[in-house]
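Note that the chains are named A, B and C in the order they appear, and that numbering of residues resets to 1 at the start of each chain.
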């Protein structure tokens, strides 16, 4: 359904992505792991054209284009069919929770107001915020804000939802509520690409785990393959470090 | 269209520039007295009792509403009579005296706000950490808080200084012979025929002064704020 | 020292007639300047080409020179320039010296306020984080829609205190309009004062009126701010 090939992206001479290819099928839950600076967030942002890749092509459900030569129309079309959840939520500060969700429906997709409100309420109910419709972002906790962010992304019925480290700005005790929402979305068959450091989520929910380092994909496979029988030494080292931290953390 | 003589701009610049020191000296006097008063006002607003705080707030509010030229006229015409009531004759005092008094009154209110905002921007934890490290109150203020305050206050201080310079140009209306006054005098001597050239020369002088002040204090700020860079980046 | 209170009351009543003129200059100047200033702010944010550099130079010049100098300069330039353009170049036989002086006041204060406001708008637009634009784009809004619906409403709220400041400063600088023979509060008071050399009393009256007007402006902005920033409600308290 979504396939990108050979993405290259650099900032002021530093090559962040060195030819990354990724294929997402309908219903896939792809979790991208990797140390910081490995390019995973950049990859995700390129998929939604928040960054413009210098080289590579994208194939999205019938839309086929090189990143460099994508037209405004194609970009809009791809964005309208994807949802994006930001690390720091980026809720519209001047809109209530409900308005944050309806904005993209009413303004960008011309959904009639009444229907938009219904759909927005459904989305907010789904993330467990049925009692927070009229709250402004400043009145919500971080976890609630991120759940609004997820509601905003799912309300437009996207073909694929992109999550950019959705829990890393949250206090530890709020991480669980967001992960639970994401887990239930996965169970309903949503297609998701998730950049995260939550190993537990990757192990339990992912259909495929992708490990990135230094701007390339080092290894990919089922959670079982990656966590139990990693082959590449970089993957092994990364997992050992992370899991040991988790272990030390738990005692 | 009246004839325009660009070369007269240079003549004007040559004749006006010697008076730049008058402008700078009155500014320096104003900054000195205005800042002193500003510190007192800021102190009153931060930690003195409710009466002093209210007085300080009223002072700042009222002066913020007064056009400089109105203040200048009130001081220039009113202060001598006021002092005469105490038997002091200041009618023959220099014009610069009235200019400095006027603008110190206004500048003090600006400074009070600049100082207060800077003081309040410093995390109270800085003082607590200094005290717990064994510094006295005064040492904590002088060695830890003040240096941080200055960095925060600098941009606003620069702004206030540029404003002071620009508003100070009104001094010519009471006959002060500074940059602006000299320019007006030149126009008068030539019966108004070189007014555009003189005004352009004056504009160039003021513009250049503004750029020098902004650039100078900008460099100073960069130099002083070395320790803060990392905080701002994260 | 004794103040002549009868004279002060008389002057106060006379100067009240100048209030509409002062307010007219302030309001018209703001209405003229705001749209141009906003456009200039956008131009400078995008840093595109020569337009942005000219704008930057204009803003720097206006903010770097005293307003009294701008008034004197334009007031000695504009009438003869208009005369030259309209009557010599276009041969219109237009009575330049019959132009009401308040129009010159609009021009001078407009040029000044445009520069100041463009800086206010620019910094306000910068305070709205880049994430807001990205989020708007990610839900499918166009850049224009994002500006109109997300960025500008937030920028306006953070710009309000500075717009209030600009307005107060503009109001204060209209006290120099008398130099262009506009009959504002200051001009009326000056005339009154000259009759009987009651300068202090006259200027104290002007001072009082300005305090009242400033208070009015600030209350007005407070009300607007309270109305606009409903989305920040709980943060502030």
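By our rule, a contact is a pair of C-beta atoms (placed from the backbone, for glycine too) under 8 Å apart; a residue touches a chain by one contact, two chains touch by 3 or more.
Values in this document were obtained by computation on a predicted structure and should not be read as measured data.
Separation of subunit A from subunit B in touch steps, taking the shortest path, is 2. For this structure, the chains sharing the highest number of C-beta contacts are B-C. Here the chain at the heart of the structure, going by C-alpha means, is C. Comparing mean CA positions across the assembly, the chain most remote from subunit A is B.
One simple way to say how far apart two chains are is to compare their mean CA positions; for subunit A and subunit B this gives 53 Å. If you average the CA atoms of subunit A and of subunit C, the two centres end up 47 Å from each other. Inter-chain spacing, taken between the CA centroids of subunit B and subunit C, is 22 Å.
Against subunit C, in their complex, subunit B makes its touches with residues 1-2, 62, 64-71, 73-74, 77-78, 81-82, 84-85, 162, 165-167, 169-170, 180, 192, 195-196, 199-200, 202-203, 206-207, 209-211.
Only residues 48, 50, 76, 79-80, 82-84, 86, 88, 90-96, 103-104, 107-109, 136-139, 152-153, 156 of subunit A touch subunit C when the two sit together in their complex.
Residue ranges of subunit C in contact with subunit A, taken from their complex: 129, 131-132, 134-142, 145, 149-150, 153-154, 157, 230-235. On subunit C, the positions that touch subunit B within their shared complex are 1, 60-61, 63-69, 72-73, 76-77, 80-81, 83-84, 88, 168, 172-173, 175-176, 186, 199-200, 203-204, 206-207, 210-211, 213-215.
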